[in-house]
Amino acid sequence: MESLLTNFTSPIVLAFLLGIISKLVKSDLEIPESIYKAISIYLLLAIGLKGGVELSTTAFSEFIWPVVATVFLGILTPIIAYVVLRYVGKLDITNSAGIAAHYGSVSAVTFIAAISYAETIGDPPEGFMPALVALLEVPGIIVALMIPQLFKSDSTSLKGAFHEVVTGSSIILLLGGLLIGYLAGPVSFEPVEPFFVNGFQGALVIFLLELGMITARRLEDLKKVGFFLVGFGIAVPILHGVIAIIIGLWSGLSVSGASVFAAMVSSGSYIAAPAAVRIALPKASPTLYLTASLGITFPFNIALGIPLYYLLATWIGG
Amino acid sequence: MELTELYLVTIVSERILKDDIIQMIKDKGASGYTITDVKGEGSRGTRVSDFEGRNIKFEVVVGKDVGNKIIDSVSETYFENYAVITYASPVNVVRGDKYL
Amino acid sequence: MELTELYLVTIVSERILKDDIIQMIKDKGASGYTITDVKGEGSRGTRVSDFEGRNIKFEVVVGKDVGNKIIDSVSETYFENYAVITYASPVNVVRGDKYL
Amino acid sequence: MELTELYLVTIVSERILKDDIIQMIKDKGASGYTITDVKGEGSRGTRVSDFEGRNIKFEVVVGKDVGNKIIDSVSETYFENYAVITYASPVNVVRGDKYL
Amino acid sequence: MESLLTNFTSPIVLAFLLGIISKLVKSDLEIPESIYKAISIYLLLAIGLKGGVELSTTAFSEFIWPVVATVFLGILTPIIAYVVLRYVGKLDITNSAGIAAHYGSVSAVTFIAAISYAETIGDPPEGFMPALVALLEVPGIIVALMIPQLFKSDSTSLKGAFHEVVTGSSIILLLGGLLIGYLAGPVSFEPVEPFFVNGFQGALVIFLLELGMITARRLEDLKKVGFFLVGFGIAVPILHGVIAIIIGLWSGLSVSGASVFAAMVSSGSYIAAPAAVRIALPKASPTLYLTASLGITFPFNIALGIPLYYLLATWIGG
Amino acid sequence: MESLLTNFTSPIVLAFLLGIISKLVKSDLEIPESIYKAISIYLLLAIGLKGGVELSTTAFSEFIWPVVATVFLGILTPIIAYVVLRYVGKLDITNSAGIAAHYGSVSAVTFIAAISYAETIGDPPEGFMPALVALLEVPGIIVALMIPQLFKSDSTSLKGAFHEVVTGSSIILLLGGLLIGYLAGPVSFEPVEPFFVNGFQGALVIFLLELGMITARRLEDLKKVGFFLVGFGIAVPILHGVIAIIIGLWSGLSVSGASVFAAMVSSGSYIAAPAAVRIALPKASPTLYLTASLGITFPFNIALGIPLYYLLATWIGG
């Protein structure tokens, strides 16, 4: 419980709430789009760099199993999500696959929030976690987009979508950052460290202020999407989170590492996946998949999921 | 100075179609295009982009044939599944032959 | 493919009127609108915005009646006290019925 | 409400000409102008600006004479050496006398 | 005098001058609008947060009287300004009220500049000052906008204007920041501190560079507005400043606090007020109120007012 | 060699490569224009400020000869470049002059990269170097633009071009920063230092990421411009660099100072010069001069030139 409170006094979570409120009161506050883009470039590059510097001093044996676990969950979670949507939720194939693609991928910001939560409570996770995020982003989307093809129900242009994800800015920045950090190593990284490390948490505050405003717009769509999807957006992340904790601990991650891993796996992508799905499955409704991942799962994870996964990880693995 | 009567074809679409539409415009034989970042609302409601309602506007000065080709291709390829509006009007262009 | 003849109503105004004008456009019955950030100079000189001369441009594709309603409302409500220009021209719209 | 028929002259040029063209537009007697940041591609290829293909679009509502003066001046001064496109079309303007 | 020199060697003031000069020489230098907006969001949020963290450790009794003093001056100053404009300056009711609204409200940047001046000369004010800024922003505008209604001379749409001010981005960011800082407290604030504290003064340099350029455009309008308004833009702030010092000291503020308080009270709003007035009093001339608050009072306060108020406060209260 | 490796593990150089790669794989990654502008404003202002603070504590006698050397090379290098282009490369007068203008001027980013390279290997140059950059930017352009007039081959509008360069944002920010830093001095500069010093290297990483993307677009033009220009873009900078090292050392610069000086002198402008040339010599082909300075010389200097000049300087002057 106390760890939950810690989360609610976190400027990051509070800024997210402020963003939602400012939209509800119809404030004219808005973060310029270019600033929002710049901050996300900064955040992704920063975690990439830090992860890369860490990797340059980590033994291969330490992270090979977490890597395997990540790929495995990248394939498993979209299938779980699809089954629930299609057979419990009775959604059509296209929409089920479209939404599943989001839950197979990852929300970098949820990951970052989980990291800084772990750091705030003084229990930082393994340094190579960012490498797992980069790894988790792609497969889930591909798997989900392939499902409709099995049913020939929809002519999907997988190729276009694939290029879209693999060359998407988040992958380029994460992988690029990892590589740069890895090649540079701690010494060459030092001069740029103040910029990418000291400013990080603060930039996150502004970023979540904006995300709060975006989420607020989504909340209006909640009624449109119906109860099932709301339940789905909370229950499935918890399910994925628990699976991730168990497999994560098994793969050798620390308790803190497993809880951050759970936040990653449970999160729904809202940048890479929507773009890919829009191209590959144009008939899938953006209102459904954006509301689920951005309007339901994201706020749930930021406010409750992250501390919850930490509690569960301590409980299971502690 | 003498002006040539050509057509200004305007397309407003969700941003994700940007590269596709640029490619299409060139394939159909336009000599160039001008794009503007815009926002908007229409009947489709939610569309995908970092933000709601971020769109892109294409303005293309073309001869009648190329213009029709572009219009047809937009309405066949995108109109059903994507947020898009397209309209054309005649314009008098300086050194218009350059754009034929 | 057959096109419908409709009207493109363009309004350029100082930015502070943005929300009001969007509301008005919807009330008059437009099916949508496209807005662009622009700058400009005109006869009124100084106007209010973070910066000088930051304006917003509205482009609305509408039928004749809605178009006239919008034009009238602009000239009655804003023309006297605010920096604004409004003009209309006919355009041929793909699937134009959608915007009537 | 009655509208005046005037002309909308549109100029898209590489950004470096911005101040020159604004000056020219005023000299020729336009009562104002609206500018938009745009991007584009055309036949000239590479042009100078912080970035490739960053252009600026001028929209000027004017009477026939002023319109022709502007068009002539563009085609004489800039057309040969700079990336620029210019076209005009009639528009019905609210309180159009204001822009004559 | 020496404290005046300190102000003229301050990078903040010098950057403001550089901005003016760059416009005079017709340089193509320009700060992108989105950057200007981002910096003002950053500055407002930062002072809000710092103020909130301070409040969380301040006794209610300490700032209740300054709060009372702020509200009182928020009501008094627009009335003084109106009377001077209407009966000394012979301006019409609408323009008098429109300008008065600006002087009843506050310029956050003038406040920030006053704070950093006080800090530079090693005499920082009370930590809760930002709370007073948020409090001072609204009432003055409302009071001034109500005046024309008494005279029924103009149909004002107070409601729209009121919403405009109360949900304006500056209020949201200041109050929001205060609340977040208050709830977070020193401990949770620590991780975001480097971003919001270390970068602050530097960001202010870039912000004033831009404000210098905006002011330069205003200077061209000086001739249009006439001598009276120029005198008004200097004399009335001094008058308001002196009143603020006396009442501020009486309310228990330190000498440094009273001088910053004077800078606040004497300053003219140029973000919240113009928007509200444009809506409520469309017939009031923007050239008049913008030139007065942004073209005359703002540069006066930045260059001379702030050190002057400090001298007076030391002299009266020291 | 080892110093060359240092350069290739530098996050700055690696970010530049990442930018090129991201374009080659057609990623949708893009740095918003306003951010790119903001960072260049920040970088120019920062080096100006730091230079000015240094100047305020430097004896006139120390930098008078470097100043003379700079002006001399600002006149010599465009002439060398012109002669090579016109008589070896057989380019027409207009294009020769247009390209020469770029090599007579300076690329601020190359200078900044050279500084941070020198600092990284623990041998920082004289603090007043930024003053020399400001000094080197203008004359070379003017000299080159005057050449066609001698041949009356082309009606150039020198006046417009001159104003363009002298009031260009880079000059305003460099000179303005120098002046502010000089007037403020170390004490008043302290509060803004964290913003302008700590963040510097990191901001440079993002800036070079963008420059990599811009350069990538240029690379496509390489075939168009032909072998001669490619050779020119590498050989002439080396020539200019060697001359600069000799004259720089003679003028009293340290080995590190001379190597940074060489990077400056050898670099080709791609902001001030293109704008001026576009106005004064509209018939000169932007494809030629932009590809040469931005597509060939800039990457060469960043990757190989800078460490090379340092080696040569140590070898000649050590």
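All chains are identified by letter, namely A, B, C, D, E and F, in their written order; residue positions are counted from 1 within each chain.
Quick note on the criterion: a residue touches a chain if its C-beta (ideal position, glycine included) is under 8 Å from a C-beta of that chain, and two chains touch if they have at least 3 such contacts.
The structure displayed is predicted, hence computed values, not measured ones.
Q: If you walk touching chains, what's the least steps from subunit B to subunit E?
A: Counted as steps through touching chains, the separation is 2.
Q: Fitting the CA atoms of subunit E to subunit F, what rotation angle results, rounded to the nearest 5 degrees?
A: That pair's rotation angle lands at 120 degrees.
Q: Return the chain whose centre of C-alpha atoms lies at maximal distance from the corresponding centre of subunit D.
A: Taking each chain's C-alpha mean as its centre, the farthest from subunit D is A.
Q: Measuring between mean CA coordinates, which chain is farthest from subunit F?
A: C
Q: Measure off the straight-line distance from the CA centroid of subunit A to the CA centroid of subunit F, and report it in whole Å.
A: Using C-alpha averages as centres, the distance is 41 Å.
Q: How big is the gap, in whole Å, between where the Cα atoms of subunit B centre and where those of subunit D centre?
A: 20
Q: Which positions in subunit B touch two or more other chains at once?
A: Touching at least two other chains: 36, 89.
Q: Give me the residues of subunit E that touch two or more other chains.
A: 32-35, 37, 198-199
Q: So which chains actually touch one another? I want all the pairs, not just one.
A: Touching chain pairs, listed by label, are A-B, A-E, A-F, B-C, B-D, C-D, C-E, D-F, E-F.
Q: Note which residues of subunit E are touching subunit F in the complex, please.
A: Touch list, subunit E to subunit F: 6, 8-12, 14-15, 18, 21-22, 25-35, 116, 119-120, 198-206, 209.
Q: Help me check something: in the complex, which residues belonging to subunit C touch subunit B?
A: It comes out as residues 1, 3, 6, 8, 22, 31-36, 61, 89-96, 98-99.
Q: Touching residues of subunit A toward subunit F in the complex: what are they?
A: Going by the criterion above, the answer is residues 32-35, 37-38, 41-42, 45, 49, 163-164, 167-169, 172-173, 176, 179-181, 183-185, 188-189, 191-196, 198-199.
Q: In their shared complex, at which residues does subunit C touch subunit D?
A: So the residues of subunit C in touch with subunit D come to 10, 12, 36-43, 55, 57, 68, 71-72, 74-75, 79, 85-89.
Q: Considering only the defined contacts, which subunit D positions touch subunit F in the complex?
A: Answer in residue numbers: 16, 45-48, 50-52, 54, 81-82.
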